[in-house]
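Labels run A, B and C following the written order; every chain starts at residue 1.
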Amino acid sequence: MPRIKLLPMLALAFMSLTAWSHGSEAAGAVSLADVVNVQKYFRAIHVMAMLLVGFGFLMVFVKKYGRSAATATYLLVSVAIPLYFLKDSLGIMGGVELDIDRLILAEFSAAGLLICAGAVLGRLKLFQYMLLAILFVPCYSLNEWILLEGGLGLIEHGALVDTGGSIVIHAFGALFGLGSIFSLTSKKEFETPIEADATSDRFSLLGSMVLWIFWPSFCAALVEPSAILGTVVNVILALCGSTLATYFVSLALRKKVSVADIANATLAGGVAIGSTCDRTVPAIAFAIGIGAGAISTFGFAVIQDKLQNLIKKTDTCGVLHLHGLPGLFGGLVALFVVKGIDVGAQLSGIGITIVLAILTGLVAGKLLSFAGSRITPYDDEEELD
Amino acid sequence: MPRIKLLPMLALAFMSLTAWSHGSEAAGAVSLADVVNVQKYFRAIHVMAMLLVGFGFLMVFVKKYGRSAATATYLLVSVAIPLYFLKDSLGIMGGVELDIDRLILAEFSAAGLLICAGAVLGRLKLFQYMLLAILFVPCYSLNEWILLEGGLGLIEHGALVDTGGSIVIHAFGALFGLGSIFSLTSKKEFETPIEADATSDRFSLLGSMVLWIFWPSFCAALVEPSAILGTVVNVILALCGSTLATYFVSLALRKKVSVADIANATLAGGVAIGSTCDRTVPAIAFAIGIGAGAISTFGFAVIQDKLQNLIKKTDTCGVLHLHGLPGLFGGLVALFVVKGIDVGAQLSGIGITIVLAILTGLVAGKLLSFAGSRITPYDDEEELD
Amino acid sequence: MPRIKLLPMLALAFMSLTAWSHGSEAAGAVSLADVVNVQKYFRAIHVMAMLLVGFGFLMVFVKKYGRSAATATYLLVSVAIPLYFLKDSLGIMGGVELDIDRLILAEFSAAGLLICAGAVLGRLKLFQYMLLAILFVPCYSLNEWILLEGGLGLIEHGALVDTGGSIVIHAFGALFGLGSIFSLTSKKEFETPIEADATSDRFSLLGSMVLWIFWPSFCAALVEPSAILGTVVNVILALCGSTLATYFVSLALRKKVSVADIANATLAGGVAIGSTCDRTVPAIAFAIGIGAGAISTFGFAVIQDKLQNLIKKTDTCGVLHLHGLPGLFGGLVALFVVKGIDVGAQLSGIGITIVLAILTGLVAGKLLSFAGSRITPYDDEEELD
């Protein structure tokens, strides 16, 4: 019956449609610089998709803690971005001229923060994620300032090769998280299994794919227009490489391919290509991706359990294996890939990051532990309704 | 075994890859105007992501009605866009010159429609959503024409401050929806609880995040290139503000933080910043976001139940609290934020929107109610297989 | 308690925010050609979203095989893109100058591959998807070369009308898949029902929407800037048309509307408009969409069961009905829509595609069948953990 009523309308509408025409598509006078900046903003939106849906849903793999993981992601991003923006506007430890560059740098700090939060996921109360953000952003900014802006005079401005943040974002975030779990894993939490199921896995794979898709924009966010295409192709090939390596190494090391490996280690190519994304060629990028995927999968399949049992601490999302090791690998591989690289600066940058991230992470974890601990880890019911 | 076969192939492929080179990246002669228009189209695609995955999946929170909500979203968008496009091409109540502007305006009308549909979600048959679209678009266009195009000579063209549609899109859509529920809530429907579960909540959070991510493109869709970056930064900070406010107010007003608040009220900053997104500064934008998040959460936590019990009607998605109140707040706040604003025009615009939306919504609801009602509300099984 | 600690910090932060200012947004000297190429890259990212989340999650409708479908998608894309990139770089069967064009062409080949994989989904082992990619890409490239590049001298370069790949991508992929299922459906597999549930359906609808959203970028990926807006509007209207037609035809042919129809046939307008997307007007595009949606829904509702029972083979995702028939329809409709079209070239292109796709698909299926078969079809547990 409804069909009968609607069909004549549709027919009428369709006939009228033949009257449509394309207007003479034109636009007002604008400058090329405006257009270039708007393109930066499109990349900034891509990065935002990675932060919220990407990192957020990758962490939804914890079956009983998915809604909290998404909520925590919202809170972490919403503290980190204004906080970094404020810091940078005030010219504390660096400071850029353009709002859009500031926004992208703020997103980078939020990315580092989300990585770090992955280590303690499910074992913080919601308000503690916000405290974590408040503690993380200044430490991250300090490291960023030393490595990229010549802060404290330790590394010459521009000497470090790390365009897409293998060292500054990924390794720092992961190692800060690793430092913080020392004070943020109770015996009960360590012994509570982290459960996933078919639905939480599918959400996690969705987050993973969103990260994969927009990763080229992450690495190219602040790259000059003429170098963007090369960067993008390198990043995509690195991700293809790590995806393939993940399958083969996961199958080789385990009886079956692990969905967790597929959701995580596939991305290791993006992590590792960060340092050299605008300085290498597709074939090398593909190789870096394969190496990073293999390292990451080995980390998840072999190192993770051994290390966690050794230190009796939990790295919920295995950020050491997705971001820590591949990030360091990416920073080191630059030594072999980039001609005329300043070896001292590169090694100093890596060394400073390792020390600073772990130390500040340890302190942050200790401070956070004073703010209380959850009764039931990995459980949405405790704080959400 | 398969590994053994594939590895040599991969090795071979990799070696050949070293032959790759970057072509000299060049492009044919094009005009800057073309490039600017293509950038508008990228924003139009972002808005489309908000319409389908954003609004669509936000409505998937209804556990038993998620597939219908997605289907309804498809149908609503597919009626509204050609219908508005047709109206505008024929020059009825306004009419723009460029196809891309027309497309964006059509998307805006679809956004208003999806907001309105959120009020009656689950209590219309599928074909009635299409009828709703056919009734909504002309009413929306009339209000848009009066407020923005000087239609009927009530408000001077260009006098209303509402770049991102707090009034024209959000408040209108929500109040139209509110008007329509008076004839579209049966006693049985009112008494049927709307159930969510962990999976429907996660889908809803996904939709919410997609809205959050692309909201800057929504507000900046028709903004001049030179003003886009300022707009984008304001919108992002407003969203950060409302996200933080939602957490604190939700916790303060309820025992636990509500996932529904997190999925919805976090977006109120985007709703409210619409009017002033290109006319304010980041600090004010952040404050507007905090205010809007607080108002919206208060609406969901306190007003919603009381109001629904008072009028014995159901606003399924609480669009009054996400879009109605924050939209009006955004329109009013412009009076204090924008220097030299035409107070009369702004207040008239808000007043006209309130009256027109509720009245036309009441009529549309009545008309729709003649087309029948569902037997079982909020149930995919009734119409889908 | 936590609120008490954080509120003063937020207040402080907010006050400091008033110090923010917009920097003078500027950018270094760049060429318009760079900007145009970066816009191509944005479209390439949109296409990547379609490949991974779009096609990937559309295939997650198989309840017990969702994680494997996503994994397979990752592997298919990660083999196809480097492989096509390599082929094209080496100048085998064609070869373009720009890396970004090469990347987009590689994505197109991956799209064809994912379509083809939909036909055998759930009945290949994971490593066989990679073999499928290795077999598919050369066959696809051969057809592409003959149809678009004048390969073998069969069709004059530029004579075929197929901008968005109705014939070259969609029909080829679907018919190759159809060819391959002849050797890749065991009796047990044919008799094993393919189950979906409310959750797998919602994931599938998500994938469907992502395809719908970014389809304009797919069709416009390699279109000249000045023709992009017209293309985009046509594609969106075609999709609106197929979405509406799907609802009406599904309701007419079945007792209830099928969610599978809504997830799939809604996209048929995008498939069919491919050939003529930059050569027609909105009204015709809308009509093509309606036709394609009707054909596709008829295929799913009527032809699929009959055909499968006739040939005793399974086309898991019904790619014949989403991509095959609407793709051929789109290629044929160009004969009536495009003035001065080379009828012989168009018909030859379609004919060659049909023959080549089915033949190479048959051979590829046979070769793949030598590499073993699954014990339990459509089951994540067999290979994943």
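We take it that contacts are C-beta pairs under 8 Å (C-beta built on N, C-alpha and C of every residue); 3 or more make two chains touch, one makes a residue touch a chain.
Computed from a predicted model, the values in this text were never measured in an experiment.
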item	value
Pairwise touch network: line, ring, star, complete, or other	complete
Copies chain B and chain C touch via same or different residues, half shared test	different
CA centroid of chain B to CA centroid of chain C, Å	28
Junction residues of chain A, two or more chains touched	3, 6, 17, 19-22, 25, 32, 34-35, 37, 39, 42, 82, 85, 98-100, 127, 130, 199, 206, 226, 229-230, 233, 244, 282, 286
Complex contact set, residues of chain B against chain C	2-3, 6, 9, 13, 16-17, 19-28, 30-32, 34-35, 37-39, 41-42, 44-45, 48-49, 52-53, 56-57, 60, 64, 66-67, 70-71, 73-75, 77-79, 81-82, 85, 98-100, 103, 126-127, 130, 199, 203, 206, 226, 229-230, 233, 237, 244, 248, 251-252, 281-283, 286-287, 290, 380, 383-385
Chain C-touching residues of chain A, taken from the complex the two chains share	3, 6-7, 10, 14, 17-22, 25, 32-37, 39, 42, 46, 82-83, 85-86, 89-90, 96-100, 102, 125, 127-128, 130-131, 134, 198-199, 201-202, 205-206, 209-210, 212-214, 216-217, 224-226, 228-230, 232-233, 236-237, 239-241, 243-244, 247, 254-259, 262, 266, 282, 286, 371
